[in-house]
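Shared between the two complexes below is chain A, which pairs with chain B and chain C, respectively.
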Partner chain A sequence: MASLPKRIIKETERLVSDPVPGITAQPHEDNLRYFQVTIEGPQQSPYESGVFELELFLPDDYPMEAPKVRFLTKIYHPNIDRLGRICLDVLKTNWSPALQIRTVLLSIQALLASPNPNDPLANDVAEDWIKNEEAAIEKAREWTRLYAKPK
Partner chain B sequence: MGNVPTKLEDDRPVRSGRSVSVSATTSGGNGGAVATRTHRASSLVGNLLTSRSRSNSGFYSANPYKRKSTKEKEKLKEKHARQLVVKYNETVDGGFLAPYGCCSIEKLDYDAKVVRSLIIDRKLAPFYTPLQDFDDSWSVNEVVKIVDGLPLHASFTPELEEFEGVPIGDLSNPDFDYLIDKTLSRREQRRMRSKIFNARLYQKRIIWQENENERFLEQKLEAKNHTGASNQYLPNDSLKYDMYKQGAECPICFLYFPEPMNVSRCCLQPICTECFIQIRRAEPHFPHDENDSDSQDENKDPNLLISEPANCPYCATPNFGVTYEPLKERRTGIQGPSPASYVHQEPVKNDESSVTGKRRGSLAAGHPQVITSDAVRPEWQVKLTKERMRLARRSANATAIHVSNQLVVPNHDSQSPRGLSISPRDVTISDSPNTWTSTNAGDIENQMIEQAIKLSLADQKEQKKRRHSAK
Partner chain C sequence: MSRVPRSFRLLEELEKGEKGMGPESCSYGLADSDDITMTNWNGTILGPPHSNHENRIYSVAIECGEEYPDQPPQIKFVSKINLPCVDQITGEVKKNQFHTLREWKRSYTMETLLLDLRKEMALPTNKKLPQPTEGSNF
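And then the complex of A and B:
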C-alpha cells in the first residue's frame, strides 16, 4: 500500500488534538484510512442521549473523492437506510476536497438534528415521517433507546 | 453493426463477422424471397453504417474525433508520461514544470503542454517541492539544509497492487506483443495489452524519474565540492531561504509551499498547482432527476448528456479558476536569470502594500488573468461529444437490430407451433398473420433504409459542423 498522504496524517492528528464535541474518530491500527466513529445524538432531537457508531473510509483518491461513511448502529431516520447508508449531498455530488473528515461528521450530526423526509433514502421511514411526524419521532426515540445505548 | 467506431481498429474483422451472423440468423431456416430480402436489407444498412464509420476515421489528422489506433494511443500516453518527469534543469522561480507527489497517471491526465507553458508564462504557480511541515523558529542554515535534502519527486511505490503479476518483459524493447497470451479472445487480448502497457509505463516513469534524481544529486554534490563554481541550474542558498521562509499550507493537501500560491478567482483562497490540476469536471452523465423512473441510460437522448464545469472547492462557485501573481524579484530559471545568480532583494515597500494591502475582488471565469480547470483539460468538449456519439450509435444499433428482427418473425412464427411463442412481438404479429404481405415487409424494409439514411445524414451534418468549428 502506498504511504499515507500528509493530509490524512495531519487530519488524524488534529482530530485527536482538537476533537469535535460529541464526535470521536479513531483510525484502525491495521488500516489508517479506516476510522471508527461515534456521534452523539444532538440535543432536542429524537436521537438525544444516544451514541451512534459509524465507519468511515478514506478512498485512494481522497481528498479528491469523498470519504465513505456508514452508520453501524441501527437508526430510524428518513435519510439513512437499513444498511446505514447516508443520503447527504456532501458525501456525493457536493463533495469538495476542501472539506474534511471533521466537516463531514459535523454535517452528519446536523442531519440527525434536522431530518429531511422530502429527499428520502429510506422510503418507508420518510412516508411515516410525512404521514405522522409525531409517531415517527417517537419511534426514532425508541430505536435510539434500544440500539444507541452509550457504552 | 453500428457500435463499431468506439472500438479499436483491430476490431474490424470481428465486426464484419457479426454483421454476417446477423444476416445469417435473419435468413436462417427460411427459404425464398424473404430470406434474400432481409439479407439485402441488412447488408444495405450495414454498408451505410460502415461507410459512415470509415469516413469518420478518414482524413484530417488534426481532427480530435479521428479514431486512433492502439499504437497511436500508447505513443501519446508515453509522451504524456515523459512530460510528467520532474527535471532539475527545468525550473521557474524555484519551482518545476511537473508535479512532485502524485504518482497516478490517471489523476495527472491534464494537458501537460498547456500547463508547462502556463507556468513558464508565470500565469500559474510552478510545481514546488513541498515541505511536510514548517517551523518558524528554523534558522537560515536549517532551512537551507532541509531544502537541500529535498528530492525532485516523491518516491514511487515500486509494487502497485493493480500491476501485481502483470508481466512487463524487457522495457528497452518497445515491442511487447510476445507477452500477450494469444489463446485469449480478442477482447481479452486487448485488455491484457492495455494492462501490460500501463504496468510497463509505470516502471518506465520510475526509471526516468530516478535517472533525473541521480543527475540532480550528482550536480548538487559537485556544486558542494566546488563551492566557487555554482551550477547554473541549481538555486543558491539565498533563493532557497527566501522561497521557503515565507510559505503557506495548501488547504487541500496540507503540505507547505513557498508563496505566492495560486488563489481561487472567486473567493481568493490559496491552492497549490498540484491540487489545482487534479480538480476537474464531472465525467459525462445524465442530469440527476428527482423522479427518475427510467434509469436505463440507453433509453435516454444522448444529447442530454452533460458535464458541468468544476466548482470552486472552497465556495462552490461554478467554473473554478485561479490567478497567480509571481514575485518579480524571484524571477529565475526559464525565461529569467539563473537560479544560481539570485540576489535577495527587499520587496519595494510601495509594491508590497499594493499587492497585499488591497485585495483584488472576484474575477470572472473569462478574465484574461484567470486559468480555469477547463483550460488545463481542454479535451473535455471532445470527450463529451464522443460519449454522446457512442450512445447515439448504440441506440441506432439497437433500432437496426429491432427492425431486422421484425422482418424475420413471420416466418419463424409460421414454423414454430403457435402455442410456444410467448414474446410480445410474436403475439402482435400472430394477431394478423394473413395480412402480413410482401407490401408490409417492403414497408419495413423501406423504413429501415430510411432510418439508415437519416443516421448517415445526421452524421455528415455533425461532421460538417465540427469541421466548420475547427477552422
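And then the complex of A and C:
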C-alpha cells in the first residue's frame, strides 16, 4: 500500500491521544484509511442510552474529498437511511479540507441531537417525524434499546 | 491507490445502479433494501442483438460475500439460458468456465460481470445456441 499522508497520520494520532468525549475512532490494522468508529447517543436525545457503531473511510483524494461514513448500527433517524447512509452537509457540498475526521464525527453526533426531518434521506422516517414527533421519538428510543449497545 | 473497503465499494456500485448511470444493457440493485450487509443483489442483462438472445431480458441473482471485492461474487441465472458456462440445473455461472470470475480482479464490479456475460452470449460459438422458451426460470 502507498505510504499514508502525514495529515492522516497526525489526525489518527490525535484521535487516540486526545479523544473526543463520547467518540472513538480506531484504524483497521490492515487498512489505515479505514476506521471503526463508535458514537455515544447525545444526552437528552432519544439515542442517549446507546452506543452506535459506524465505519469511516478516507478516499485517495482526502482531504480534498470528504471522508465516507456510514452507520453500522440500525438507527431510526430522518437523516440516516436503512443502509446507514448519512445526509449531512459537511459530508457532501459543505465539505472543506479545513475539516477533519474529528469535526465530521462531532457533526454526526450533533445530528443525532437534532434530527432534521425537513431535509430527509429516509423519507418514510421523516414523514413519521413530521406527522407525530412524539411517536417517532418513542420509536427512535425503542430502536436504540433494540439495536445499539447499552452505554 | 488505497483499498476501498467492501461496504463503501458496494455503496458506490449501488449509487451507480440506482441512478442508472451505467450502460442500458444491464441493471442491478439490492435484493433487500433493508440489508445493511448488502449481500444479495438482483441484476438483469438485455440479450445482445443479432443473437438468439436478442430482446430477451435475463434475470440474475448475485451474492457478494464477506470477501468481495477481493473475491468474485457468486452469480446465478434466474431466467433459463443455454450457455456453456451456466449450470443447466441450477443456473449458476461456473467460476472455472467463465474467465471474468476465474481471473477476477479487485477493480471488477458487478457491472463488469454483467457486461462480460452479455459478451459471452454474443460470442460466435454461443450466439446461435438453441434457447429455452422465453420467460422460463431455473
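We take it that the second predicted complex is superposed on the first by the 150 of 151 C-alpha atoms of A that agree within 3 Å, B and C clash if a C-alpha of one lies under 4 Å from a C-alpha of the other, contacts with A are read in each partner's own complex, and residues count from 1 in each chain.
Rule of thumb we're sticking to: contacts are C-beta pairs under 8 Å (C-beta built on N, C-alpha and C of every residue); 3 or more make two chains touch, one makes a residue touch a chain.
Treat the numbers as computed from the prediction; the structure is a model and nothing was measured.
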| item | value |
| --- | --- |
| Joint occupancy of chain A by chain B and chain C, clash or fit | fit |
| First (chain B), second (chain C), both or neither touched by A:Arg85 | second |
| Which superposed partner A:Phe57 touches (first chain B, second chain C, both, neither) | second |
| Touching partner for A:Pro5 - first (chain B), second (chain C), both, neither | first |
| Touching partner for A:Thr93 - first (chain B), second (chain C), both, neither | first |
| Minimum C-alpha spacing, chains overlaid - chain B and chain C, in Å | 6 |
| Common ground on chain A, meaning residues reached by chain C in one complex and by chain B in the other | 1-2 |
| Touching residues (chain side chain C, partner chain A) in the complex | 1-5, 7-8, 11, 14, 33-36, 38 |
| Contact set on chain B toward chain A in their complex | 101, 103, 107, 132, 157, 160-161, 251-255, 269, 275, 278-279, 288, 311, 313-314, 316 |
| Partner chain C, residues of chain A touching it in the complex | 1-2, 31, 33-34, 55, 57-60, 68, 70, 72, 74, 82-85 |
| Residue ranges of chain A touching chain B (in the complex, touch as defined) | 1-3, 5-7, 10-11, 61, 63-64, 93-94, 96-98 |
